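Encoded as structure tokens, the structure appears first; notes follow it.
The chains carry the letters A, B, C and D, assigned in the order they are written, with residues numbered from 1 in each.
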Amino acid sequence: MEDKPTFAVQDPEYTRRVQDSFARQGLMKLLGAKLVGLEPGTAEIRVSFRPELTQQHQYFHAGVTGAIADSACGYAAYTLMPADSSVLTVEYKINLLAPAEGDELIARAHVVRSGKTLKICSAEVFVRKDGAESQCATMLSTVMCLTGTSDQSR
Amino acid sequence: MEDKPTFAVQDPEYTRRVQDSFARQGLMKLLGAKLVGLEPGTAEIRVSFRPELTQQHQYFHAGVTGAIADSACGYAAYTLMPADSSVLTVEYKINLLAPAEGDELIARAHVVRSGKTLKICSAEVFVRKDGAESQCATMLSTVMCLTGTSDQSR
Amino acid sequence: MEDKPTFAVQDPEYTRRVQDSFARQGLMKLLGAKLVGLEPGTAEIRVSFRPELTQQHQYFHAGVTGAIADSACGYAAYTLMPADSSVLTVEYKINLLAPAEGDELIARAHVVRSGKTLKICSAEVFVRKDGAESQCATMLSTVMCLTGTSDQSR
Amino acid sequence: MEDKPTFAVQDPEYTRRVQDSFARQGLMKLLGAKLVGLEPGTAEIRVSFRPELTQQHQYFHAGVTGAIADSACGYAAYTLMPADSSVLTVEYKINLLAPAEGDELIARAHVVRSGKTLKICSAEVFVRKDGAESQCATMLSTVMCLTGTSDQSR
């Protein structure tokens, strides 16, 4: 298992830039998702259980798992991008390891490789039940940096 | 490009079984998604644009794209499963090909290979804008059949 | 199932450029792979059966399937790149649909979306046995164009 | 980053069973690959540089990277399977993080989740150059256990 690499930020105001972008995502609000952790190259998103977020067996729907893991990867990558850039998911792959049965879903993402144009990210998703966390999914994703474009006006 | 294979159904009541399962998914209701096409080995899911479904640039969020493409793959596979089975997504990979800017998002899935335990599925996602459809994503997924388990009680 | 799009080439000498690059790949020679089809946005690679190419059941090894499908995707993308560019696989995902038992393995790739920096490609792999082809794998891949770099000197 | 889980073996003779299967893979012999590490739920495969294993820039070909990472995942999973079983890769996704330039390529795989039928595996691939290792790829794969079938006779 590799150690997490450390990364230098290009934009000292990255926290505000990422939080502003997250706040503009209508879907994160609809899901009740919260961006609770943010460091250079990492991001954590949490969402509490509600019946509106379920699949047919009343567990968290894989669509929620995928959505918050994808957003966590994108924002982990976005912490390392310059001020005048926007972030775009190129692709991701997710393995659903166990039913997401619990009170809260937690996606923790980190940048694995930080290229200038592409950032490769990984996310682990956990479900918390009766106070204990267990892993329910793992994601591998490719995120693109579009420079010279504001994340707000695109 | 391969022709779509034709498949024999094992459960003549598959339409009702799939629609019942879809109706129990709280997330599909929250997104406003509709299961509009269902044939042996294929499924189509549509969702209309709302600001609640957006990413930061006010296009459809990739989380919505992934969620309906995943559900379409799962239900395309579920049409071919026996009556006393439930359906489980093992994993999927999605490439986001273009911004999902438009009035409606349409995921069309079909089974590529139908094994007894695993079904390999593919989905193409289109966005409709001003009456014209353009492709915005493609998914490849692995879906598992759990026999001897009801989709309702699991 | 989408129609294959048509693409404009940027380098009229693309055939020679792609064939030169293929000829420099030691692994393709070791596998006995041949680049037999090449059109704008498509490529086909074939390899004949030998015991040296097998997995433990004496079928074609998935490593051969993956290698020729990856190269076919890369060269399908490379047909559309400018003269002063080199090609790089960012990532791929492959589903192995059936045992690759037969006399010849055939990977047919095409570009699904041709962006300036990234090309999204798909490949279907077939195995020919007793004169009949059947599909044994499907790949989805992301290929990057590095401009201002020669494919030879990098 | 999760801790590696520990797994119980079902077949105390797993080492011999895995090594026998590896020895029957013609491709691993052709590549010069060696199975050097094997513990319950983990496997390591190494291959030394030769010009026959290159892509067009004379680095290790991604096909070699994919082949040994796939085999390492399959054999990491196979350590945990019963005696009368065979192993099958369902699918994998690989991200190529950096050019594989060096003297030796090393794939280290471990099982992430061990279900009865499916094992989800992860592999990290490193390239050793001038004595130092750097990561060049990461893989996520789904491996299937076929029980009641000998790995030799299938």
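In this text, contacts are C-beta pairs under 8 Å (C-beta built on N, C-alpha and C of every residue); 3 or more make two chains touch, one makes a residue touch a chain.
These numbers were taken from a predicted model, which means no experiment stands behind them.
Peer 1: Looking at the contacts, which chains touch chain A and chain D alike?
Peer 2: Looking at chain D and chain A together, the chains touching each of them are B, C.
Peer 1: Please give the intersection of the contact partners of chain B with those of chain C.
Peer 2: Touches both chain B and chain C: A, D.
Peer 1: Among the chains, which one keeps its Cα centre farthest from the Cα centre of chain C?
Peer 2: Of all the other chains, the one whose centre lies farthest from chain C is A.
Peer 1: Pick from B-C, A-C or B-D: which interface has over half of its contact pairs in common with A-D?
Peer 2: Checking each pair in B-C, A-C or B-D, only one repeats A-D, namely B-C.
Peer 1: At what distance in angstrom does the C-alpha mean of chain C lie from that of chain A?
Peer 2: 32
Peer 1: Counting in whole Å, what is the centre-to-centre distance of chain C and chain D, each centre being its mean C-alpha position?
Peer 2: Whole-Å distance between the two chain centres: 23.
Peer 1: On chain B, where are the residues touching two or more other chains?
Peer 2: Residues 90-91, 93, 95, 120, 140, 142.
Peer 1: Looking at the complex, which residues from chain A come into contact with chain D?
Peer 2: Touch list, chain A to chain D: 1-4, 93, 95, 97-98, 110, 112-113, 120, 122, 124, 135, 138, 140, 142.
Peer 1: For the complex, which residues does chain B have touching chain D?
Peer 2: 90-91, 93, 117-118, 120, 140, 142, 144
Peer 1: Could you please specify the touching residues of chain C with respect to chain D in the complex?
Peer 2: 21-22, 24-31, 50-58, 61-64, 66-68, 70-71, 86, 88-96, 151-152, 154
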